[in-house]
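Here chain A shows up in two complexes: once beside chain B, once beside chain C.
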Partner chain A sequence: MRKIKPSHIIMYLFLGLLLVICFFPFYAMIINATRTTGQILSGFSLVPGNAIGQNIKELAAKVNISSAFVNSLIIALGATLLSGYFSALTAYAFVVYNMRFKNVLFGIVLVIMMIPPQLSIIGLYKFMKEVNLLDNYLPLVVPSVATASSVFFIRQYAKTALPSSLIEAARIDGAGEFKIFNRIGLPLMSPAIFTMAITSFIASWNNYLTPLILLSDQKKFTLPLIIRVLSSDVQDPSAGAMYLAIAISILPILIVFFIFSRYIIDGVAAGGVKE
Partner chain B sequence: MKQQKNLQKNHYGYIFLIPFFITFLFFGLYPILYTLFLSFTRYDGFSEPVFVGFANYVKVLKDPLFYSALKNTVFMWLIGAVPQMIFAFLLAAIFHYTPVKGKGFMRAVYYVPRLVTAVSISALVRQFLNYPSGVVNQLLLQSGLISSPINLLNEALAAQTTVGIMHWWMFFGNTMVMVMSGMTGISKDLYEAGKIDGASSWQMFWKITMPLLSPITLYVLLTSFIGGLQSFEVQQVLTGGLGAPQGSLVTVVMYMYNTGFRYGNFGYAGAIAYYLFVFIAIFSVIILRSRMQDE
Partner chain C sequence: MKTKKVIAGILGLSLMLTACGGGSSTTSTTSSTSTTAASKAADSAITIWVHANSFKTRAEDYAAATGNEVNVVLIPYDDFQTKLKQSITDPKTTPDLFIISRDFAREWVEASSAITNLSQEFPDDIADYKAGTYESLVTMGSNDGGIYGITAEYSPGMMFYNREVAEKLLGTQDEEEVAKAISSEEKILELNELLKAEYGGTIKLFGTFYNVASFYFNSRVEPWVKDGVMTVTDEIDHFMDWSKTVYENDMILAEGEDDAYFNGYAQGNFMLDPLPTWGFNSKVKPQVKDSGTEIWGATTPYIPYVRGGSFFFIPQASSNKQGAWETVKYMALDDDNLYDYCTSTLSLSSSKSVNQKLADNDYKEPLLGGQAIFKSYNAESVNVEAKFKDSTNTTKYDGFIAEFLRDIARDYATGKVTKEEAYKDFKLRLESAYPEITVEW
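Take a look at the complex of A and B:
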């Protein structure tokens, strides 16, 4: 019979309390998304209500949340695809080839990882204004081609995952370099690419500052921007609609995470992700 | 012969790097340099920029609003970072040295707050802290802890502490995961030796674990600080962009954003951005150096 030490009980209580603290905001969010504004303001409840239909109507009357959802999805998917493919291509280049300035160029990648995004937004705004690309998704998607942190992470993985013998054999068979990358490199690097892709998706979904600067047409807004619009609406605050909107904006991330949590946490643990 | 063949292919390395670097040149380097250029001008977003030399930079150094924004930013980071580090290391130690049932599940749940959109969390907190009838007030009143509702966002210190707690909530799991990965590198033999010498767990933690964790401690502290310096979204959504109460929630980035996009003083905003950059660069270089050592 194993002794149950009091220190163990305290430990589990502590861990359990933290679980509740992490979980509770989401729980309250879901509960309140199903209650009317009146119910929400009059008292706290652990039990869901049945006013979700009404909240949907109230929300739809205020903003077009489904179009914001689709916008976020389009941008996030586009950014993720570009980032995944080209980060792999870039990492592959650093691992497989020996160019004269390879170390310098990789040093530049490391430096890029450290540049704060706020430094470029003012110049980016003026630049996009000049080329008439404001209110356009191009500057929100294309820059993902150059995702330094993904390159760093995938390269780390590829150093051990890409045996040069395999590549040499493919060359001897007469395959072109590009084909070797697509047919051999990509599959071998895919676990790392996948981990980074999930991270990219989440980062793009959550991205606030750049869309805030570049988008002014509400029809083009992403979810974070719509949430902000709703949150600052002091004239007609509908708590029920607000909770529902927040739930809609968060639920995809929660779903993605609980399916892929292993990949995400492994990616962080390997030190490839910026906080 | 084999080396010759490889050399012939090496130029493909350059070709494969082109997409990354061209994209960076266009959407990374050029805007950054453009910001620098604008910081030497007076530009309102519509008429042509007017060259003013270092005037903006001098003005920042004499600007009390800039210093107060900086002070707020660092203070709010500190309030969150201290518990964040304590919890992260404590949890990492618990998970590393004690067999805990449900460890994987707990680790995942603690990590979730990091991933959720900061804007959404902030909007949620704003609802929770609603005066007089947000969730927080309701819970405190219904449990009898207070007798009349409180307005946490109305008082400077309370508001800043709220932001600090939010940062703790959002990031302690992330830091915990990083520290845990650092701990896996510590050899178990060291603990065996420690036990033979009669050391207690507490002693072993401080004499063996913590010193060996110092690279990762430095890393998580610095990354947290750099992240903290950039904070903006939480404060903006909580206060509608004004940084109330009494400007206590104004961060450096919020000040920069408002200066440029609200008041149309892009040149000055650019200067603020570069001061922030210098701050961040100093700490980033420290991290970069320790990273390159690992390479």
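Take a look at the complex of A and C:
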């Protein structure tokens, strides 16, 4: 029998406390999704209410939550796939090839990383208006092709994960560059790609500003917009419906995180391993 | 490899040229859109932008009743102005109709190049509107002799009061007697002393400082900013002193509209709350309906004020003004629809005849202790109309001004700063937010 030390007890208590603190907001949100607006505005409760049916009806009457869910899913999945693949492609090029002006180009990537997205939103809106792409998902998905932070992270990982000998061997065997990337590069870089893909999915799923600026058709609204609409109606507050919408909106993120959390841990630890 | 570089270069250049050269093609597209738009029939689909679900429901009722197609877009309140300004001048992106809070209405009335002059476009209907509504609403929606915005709602400010506490302190819960007992600040202070003696501080006089501030701010007749100058008037100075009195005498339950405030309605933890007519449906009813706390009533506040209400505007760039106007008429000018809306939400309409009918029907609201609430609203509307009939008291700066005034009043009231320091801080903050304004006192 392993001896239980006092330090272990303290550690477990501390971790338990951290668990409660981290989980408590989610618990509060789920509880509020089952209470009426009046109950929510009047105070907090640890006990679930019995108004979930009423909240579902209220939510369905006010907004089209399923359409918003599908819209968010389409945009987030599209952006994640494009971001993951093309960021890996760019990072691969930075690692494997010794091209002219490589350092300058990488410097440009670093500079772009530091530009806050809010600065480019006006230019993006004007550009999309000129090319008649407002009220369209393309400007929400396609720009993810160039995600500077993903390129940076995957490049750092690829420097240690991609042995040049393997690339050379593949070339000697007659494989083309693109085939080498898809067959060898992608699998080796997959922990970093998954890590950045999860981050990219969460960022795209929670993105409020860009859809607000670019979309005006209610049918194309995403979940963050719908939730904000519910929360900002001062004349007809629907706190119960709003919490229910929030609970629905975090489901995909929870699913993605639980399935791919192993890759996040691998990806975070990856930079510390030296060959 | 060289070929790939050349192709990549050509693709990049053509992308840049598309963005730069898009203007001319867009112009021709706009022209053809305008031509096409001009020939659209009045009953083709219209797009309405709203920030409140109640308008969405009514627009959908219009669509169901008439068979006309309506696309209602619900946009968050805080971002509504930004989105409108970005889209309103382009026929491709503008809504055909938008409904916006009174707080922002004046800004759009004065942006007459972007908004349809309804007096010119629909003179007969506007003449009927003017004849049947309140002068203050006509004044609010007019600029240079033309009406640009109309409203479906009149929102005089009321004072909601706790009947049980009133009975205990004053021996009556009659709205007129209570109005007499709160008819001045001196009487309010006396009432507060009675309250403290009776309840030992467990029940406070006012629900929130936020609503007290809104009450004072919305009682102004003149706009805060005139010709680029914000003057700290005697009214504002008096509000600062009153805030200090309120805090020193421990008269408020909560700072803002938080859990304590809403719970206060359910539990009866405060006595007075200045809210306009629409306040019952959004703030009082959700609390008292479930808890069955039918202890509230509404009476005349000691200063007439008007707060909220929404105005309808048709952008100049709209390609379906007639369709938009038909929707406006259904939602804002049809007496039967207005009557139904008011009875379901316990608010007051912009039509005098509808309001008289509401009062004459002698409806008694059970959640307000059986009060003939429309009679009370109508009585207060006389005071409000007398005060505000020539007033256009809102500007685009009001949101920040109100926020900064509340902050400095709180700091002064709690003794953190002197009045002079508070005004200097206010000047710094407002002039930083709006460099085109000067603050004077």
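Some notes on this structure:
We take it that the second predicted complex is superposed on the first by the 222 of 275 C-alpha atoms of A that agree within 3 Å, B and C clash if a C-alpha of one lies under 4 Å from a C-alpha of the other, contacts with A are read in each partner's own complex, and residues count from 1 in each chain.
Rule of thumb we're sticking to: contacts are C-beta pairs under 8 Å (C-beta built on N, C-alpha and C of every residue); 3 or more make two chains touch, one makes a residue touch a chain.
Everything quoted here is computed from the prediction, not taken from an experiment.
Taking chain A as the reference chain, the count of touched residues is higher for B when chain B and chain C are set side by side.
Using the contact criterion defined above for the overlaid structures, shared-chain residue A:131 touches chain C, although it does not reach chain B. By the touch criterion stated above, A:229 is placed in contact with chain C alone, chain B being left untouched. Of the two partner chains placed by the overlay, only chain B lies in contact with A:19; chain C stays clear of it.
In the superposition on chain A, A:44 makes contact with both chain B and chain C.
In the three-chain superposition model, chain A touches both chain B and chain C at residues 41-44, 125, 127, 129, 213, 228, 231-232, 234. Within the complex, the chain B residues that touch chain A are 2, 5-6, 9-14, 16-17, 19-21, 23-24, 27-28, 30-38, 43, 45, 87, 91, 94, 98, 100, 106-113, 115-128, 130, 133, 135, 138-139, 142, 169, 171, 173-174, 177-178, 180-181, 219, 223-224, 226-227, 229-230, 232-233, 236-237, 240-241, 253, 256, 260-261, 266, 269-270, 273-274, 276-277, 280-281, 284-285, 287-288, 291-292. Per the touch definition, chain C reaches chain A in the complex via residues 18-19, 22-23, 26, 29, 47, 49, 51-54, 56, 71-79, 83, 86-87, 90, 92-93, 95, 259, 262-263, 266, 278, 281-282, 286-287, 289-291. Those residues of chain A lying in contact with chain C across their complex are 36-39, 41-44, 62-63, 125, 127, 129-132, 134, 212-213, 216-218, 225, 228-229, 231-238.
By the touch criterion stated above, chain A contacts chain B in their complex at residues 11-12, 15, 18-19, 21-23, 25-26, 28-29, 32, 40-44, 86-87, 89-90, 92-94, 96-99, 102, 105, 108-112, 114-127, 129, 139, 142-143, 145-146, 151, 168, 171, 177, 181, 202, 205-206, 208-209, 213, 223-224, 227-228, 230-232, 234, 239, 242-243, 245-246, 249-250, 253-254, 257-258, 261, 264-265, 268-271, 274-275.
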